[in-house]
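Please go over the structures that come below.
Okay, so chain A shows up in both of these, paired with chain B first and chain C after.
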Partner chain A sequence: MFFPTLLDFLFRGLEMSAPIAFCALGAVFCEKSGVVNIALEGFLSVTAFTVVWGSIAFQSVWMGLAFAVASGVLMSLMHAVATVTFRVNQIVSGVALNTLAVGVGRFLSQKVFEQETQSAANSYMFPTVLHINSFTFVLIPVVAACWFVLYKTVFGLRLRTVGENPEAADTLGISVNSLRYVGVIMSGVMCGLAAMVLYPSKWVNGMTGGRGYIALAALIFGRWHPVYAVLAALLFGYADTFRIMFESKIPIPSQFVQMLPYVLAIVVLVAVRGKSRAPAADGIPYEKGE
Partner chain B sequence: MTLLKMDGITKVFPGVRANDQVTFDLAPGEIHALVGENGAGKTTLMKILYGLYRPDSGTIRLRDQAVAIKNPRDAIARGIGMVHQHFMLVPPFSVLENIILGKESQTAGVLRLEEPAREITEIMNRNGLPVDLTARVEDLPVGLQQRVEILKVLYRGAEVLVFDEPTAVLTPQEVVELFKTFRMMRDQGKGLIFISHKLDEVLDIADRITVIRRGQVVKTLLRAEASKPLIAELMVGKPVFLHVDKPPAAPGAVILEVRGLRQRSPRGHLVLEDLSLEVRAGEIYGLAGVEGNGQSELVRAITEAVRLESGDVLLEEQSILAWDVRTRRDRGIGHIPEDRHRYGLLLPFSLAENLVLGRHHRSPFVRGSVVDFARMRAYARESIEKYDIRTPSELTPAHALSGGNQQKLIVAREMRFDPILLVASQPTRGVDVGATEFIYQQLVEARSRGKAVLLVSADLDEVLSLSDRIGVIFKGRIIREFRQEEATKEQVGLCMTGEKRSA
Partner chain C sequence: MKRVLLLTTALLLVLSLSAGAAPKYKIGICFDVGGRGDQSFNDSAYNGLVLLAKQFKGFIKDDPSKVSFGQEIELKYLEPKSGGQDRELILRAMAEDGYNLIIGVGFLYSDSLAKVAGDFPDIHFGIIDGWIPDLNESSNVTCLGFAEHEGSFLMGAVSGLLAKKGTKVGFLGGMDIPLIHKFQGGFIAGAMYVNKDLRAPGMILGQYAGKDPTAFNDPKTGESIAVNFFKQGASIVYHASGGTGAGLFKAAKDLGKLAIGVDSDQGLIYATSKSAEEKKMSEFILTSMLKRVDNAVLLTGEELIETGKNLGGYKTFSLANDGVGYALNDYNKKKLQPIKAKLDNLKKQIVAGKITVPDDDAKVADWAKTAF
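This part shows the complex of A and B:
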């Protein structure tokens, strides 16, 4: 049964990769505009809850999507207000939001489902195609759209400018802050989409498993480019799929196999050090000249 | 008709009247130079014109109409363009992208590139500014990057163009080209405001010259009535001697010997290629060259411990390659670094602390292992006096000093440590005439006291007037050496572009 297994691996790998890929695309927008976002993990853990909540509460997968995206936007807005308007250190804001997110999920779950670590089961989901969540395939047009927007539109050119040289943008009458807001909010939207594929049938505390961080690794490995970042996300997603499908069949202690995606992330980051270049103003709060 | 008239402009910052009733006007087809020492208020005035500052009082009129310029967008919309001293470019973007940025052509948000490219090509031809539109800005030499900045301004239809020290980064040949462009723009009826510290250039190109001192206009001169000593005197408020008086050289033993240095950049390009030179005691050796030809790498090889592919650096016949920075300084290498903010000073620290940096751990500044602050302050007061550093006190933080005084501070520190070799990198960059004069005297003084001086400067006039010998560096090697008496500006300038024909 080699071929069915291979096909299964290919499709499941795609499904496993999609949440990482969506998050990485969000990070591309955010960091191209000059704001570092290490809170993707937190965004994702919130949207992973709200998608289940919205779907069950309104008995509609579309409401799940709306909830996920809206909550992602809300989280990202907090990051934007802190880092863009008040110029808080972007790492500190990210850490705070990650910490907040853990509590938010458990708190809401307690309120909505009367249990702290998992939700009720959700059956309002997008249909399955080829044994995987059909929303996975949305990734493909989204990647294309992201590339087009970033490199072929006025908005994309200006967004990238703000991330490279905000002072130059300012002298040309381009608003640095509003573009950075859009960049940060895009990361919230994308984390909402990521939640649609992650595991919308049920929320379990801690289910994100570091995918938000892996997405950052994909971002760097992918040189802050939407297409390459998604390819990098696929690498990590397939590594994870390999682990799930084959860990019981390989004569290596499972703990080691489980490390695979994370070890891979470290190895990849060390390998590309110096070759991958962040936007020049990434992570630096912008203050207008005195 | 006047194109621009700024009338009674006043701008007060806490503690400083940066502009005090300044009046300035510009006619169409005129190049009007604005000169003054650092901190005199030129930049403030231009920032007001460009909408980066709001004046406290005063009016701006464009073509006889009063206008309020609230931000750069307003300025651009009204036909005011600024070529900033620090380029406002996005290095990884193409030339075309950089030019259209903020004034893009679009169809429903999608960029259109062909029509702007055609329009820009036309502007290039009309103004003598050819650049490859598809090149990435980061791959271009500085002179071409400046063209991109000018094209940006012209593409926005500017009628009033402000150039903030545009020649500071250019080779003499590039300056000639730039001035050709200036004249072409002037002939099209545009008004140019030209800010420069280089008085020869001002006299070469300007139609009128306005001198500002301490926030006030001292005088506006017509070209015909201006001369270099007159402008310098108006700027400083007292007569200035720009001429460097040097006793004849009496070179002694070789102090610094650089032998066959080879070094690669992290990207693998050769940045130093078999570079050799010697500097003797009692001699100023000037290194001329377009920036980025290995000057910084050479200076680092002398002053810091860096990895070299091959070659050797000797101080008094001893190899110094294995020495760390402290050892090098202790053995007598003084250094005036090109970037004084990053490498020359601890900006938030006091003047006194900055003055002892590098010797702070040694007597007389420590007793046991405790810093002797009283001694340090006394030493600082002496240095302030002797080196004419203008500061409220020795406890003033370095960042509160003007550029010229910061540089004097560094010169004072390095000179008082009594080095045997002084490496002076861009010692007068961004420094006003008064401080420049002083720094020149100090370099000559070091030479008279038998020190070896290696002078690295992008300012060719400076190199030519101070140096006893001049080496031209090009692509990491010394391609020709001149004695001072045989060096002309034209020859050395040509050599700097890699041209050896005149040899």
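This part shows the complex of A and C:
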């Protein structure tokens, strides 16, 4: 009984963590390029709708994926245009997009499914493997790819430079703005992938439940590093899974279990203080010098 | 000039409205956000108006479906804007329009309704699921609550009677608040009452989706909990978790297990949906715990029409007055047929006071000592 339960826990936890992990990866790209993105929650709530919409409309999970990624890119483009091109305060733009996203989901649902708070059910999904959505496993190669791109390619080096020292990058002839566009758009793409795991059977208004914000916490806890950020996301996801699977079987109050990862995050952040820092130019709009 | 014109038009409008035979009573409801077509609360409240119209030869004013059985009473509904920020405004509009009884649907009306009721002491107000403190019989507000634990007891009984031997049953709650524990208490009690096997510890699973309001709209967590229940050996799971329950229905369909819905007849809604996937899911929805908002509206309206006034205070809609119950429709009647007599008998016993249902899962242990 112990072993199958443990396996169950491992897979279920992976699935519960995956949406947070994908979002966190998106945030890594975005912030590495120097743009703070607190609109992940909003991106995710839009992509969570479009994946269902695309799948049902075209009767294909791949179209759902395409819709989710495309809508994620669209949302992130708004953020990029506002913050990179027009140098709007990145927090303000993020808040605005989060607010917008709530309305977008409800509006589209009313138009497409004639009900405002939930969509129709969708049967076009990636198959279930080991009782979890098989798309969850895509997370593993994606993490590896993100790490490789960021740390082993010229593009990654440039992206990180733009986030650390845009003036220097600019002097070397690297286009700060276009790299930042790519960084922001990557966060939209990743939110599209996150939506594939976040219950793609039906859209329910508010179903993101703050996962986009948890992803931000994972990003900071993971010290803006793709692998660590994903590990942090797993910690949050597994803590939640532990609660829903074992809450009734353990004598510890569930609130305590739930708060553990956050306490741990604070402890670790204090312990590694100095080493954990955001990219130097993160959050600062870049204005080309004369 | 413009103002004069406006005033005249307004006057003309008022005159034209009052020109016909004046209805004896005017009853209005103010919907919760979502409005008509939500397949849940609001639609149920609307049905209450239709029942009133039928019973007392009334009509629903400005109704797209033109419900009209006579001119004796006037019924009407209004809907707040999607953010719900104009709740107070629509209550006030109805009050100024001379409605005798105005019912707000949903606990979110609590604040605005208390305020408006204070300004219109001659009009009676009702609030579904809401809570306004310090009311008594002479107040002009009635809080219309439901005995969800009694309905949930029947859901527990359905699960206990239909669960295959040796399998468990489960309860999926939304947000961890006293209201939902009321559902859980009733469910556990019902399951234990009808099925000895389920009285052993660990046979009735229970889990809440979360500790904040997002727990009512989190199908991902709902699905995870449900799959976990089913893998632990549950064969039937009852949910009281709003949108989170969508995850339960999917899990039940995927694993070929059974689910029980809540509030409205979710099995019927899924079975009659345009979506093929929802039709498929409906086969795995055994029944639903009905919260009869329509009956609450009907009975409150009836009280006004038959006695000329409404008593203030707190009113509970229970099994005794069909305020809660179980869903029986064309799609699930075959499945429920073998146990229907038993369910109706249990219902009778609860109504007669022979079975008292605990209204919190924490009270079940004490209750079990004397119940069977």
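Everything below uses one rule, namely that the second predicted complex is superposed on the first by the 261 of 290 C-alpha atoms of A that agree within 3 Å, B and C clash if a C-alpha of one lies under 4 Å from a C-alpha of the other, contacts with A are read in each partner's own complex, and residues count from 1 in each chain.
Everything below uses one rule, namely that a residue touches a chain if its C-beta (ideal position, glycine included) is under 8 Å from a C-beta of that chain, and two chains touch if they have at least 3 such contacts.
In this text the structure is predicted, and so the values were computed from the model without any measurement.
*Asks:* Clash or fit: what happens to chain B and chain C when chain A is overlaid?
*Replies:* Chain B/chain C on chain A - fit side by side.
*Asks:* Thinking of the overlay built on chain A, is A:F155 touched by chain B (first), by chain C (second), by both, or by neither?
*Replies:* A:F155 sits against chain B, while chain C stays out of touch.
*Asks:* Pick one for A:T128: touches chain B only (first), chain C only (second), both, or neither.
*Replies:* The second partner, chain C, only.
*Asks:* Rounding to a multiple of 10°, what is the angle at chain A's Cα centre between the Cα centres of chain B and chain C in the superposition?
*Replies:* Superposed on A, the angle at chain A reads 140 degrees.
*Asks:* Tell me which of chain B and chain C touches more residues of chain A.
*Replies:* C
*Asks:* So, A:K202: does it touch chain B (first), chain C (second), both, or neither?
*Replies:* A:K202 sits against chain C, while chain B stays out of touch.
*Asks:* For A:N165, select first, second, both or neither according to whether it touches chain B, chain C, the two together, or no partner.
*Replies:* The answer is first: A:N165 touches chain B but not chain C.
*Asks:* Looking at A:T117, would you say it contacts chain B, chain C, both, or neither? Reply first, second, both or neither.
*Replies:* second
*Asks:* Is A:R223 touching the first partner chain B, the second partner chain C, both, or neither of them?
*Replies:* The answer is neither, since A:R223 touches no partner chain.
*Asks:* Contact-wise, after the overlay, does A:E247 reach chain B, chain C, both or neither (first, second, both, neither)?
*Replies:* So A:E247 only meets chain C here.
*Asks:* Which value in Å is the smallest Cα separation between chain B and chain C when the structures are fitted on chain A?
*Replies:* Scanning every C-alpha pair, the shortest chain B to chain C distance is 39 Å.
*Asks:* Given the complex with chain A, which residues does chain C contribute to the contact?
*Replies:* 34, 37-39, 82, 205-211, 214-215, 217-221, 223-225, 227-228, 231, 243-244, 246-247, 249-250, 254, 273-278, 280-281
*Asks:* Which residues of chain A touch chain B once you look at their complex with the stated criterion?
*Replies:* By the definition above, chain A touches chain B via 152-155, 157-158, 160-161, 164-165, 167-174, 274, 280, 289.
*Asks:* If you look only at chain A, which of its residues touch chain C in the complex?
*Replies:* Interface residues on the chain A side: 8, 12, 15-16, 19, 56, 106, 114-118, 120-123, 128, 131, 198-199, 201-202, 204-207, 209-210, 240-241, 244-245, 247-248, 255, 258.
*Asks:* Enumerate the contact residues on chain B facing chain A in the complex.
*Replies:* Contact set of chain B toward chain A: 50, 52, 71-73, 76, 82, 84, 88-93, 97, 101-104, 106, 109-111, 152, 266.
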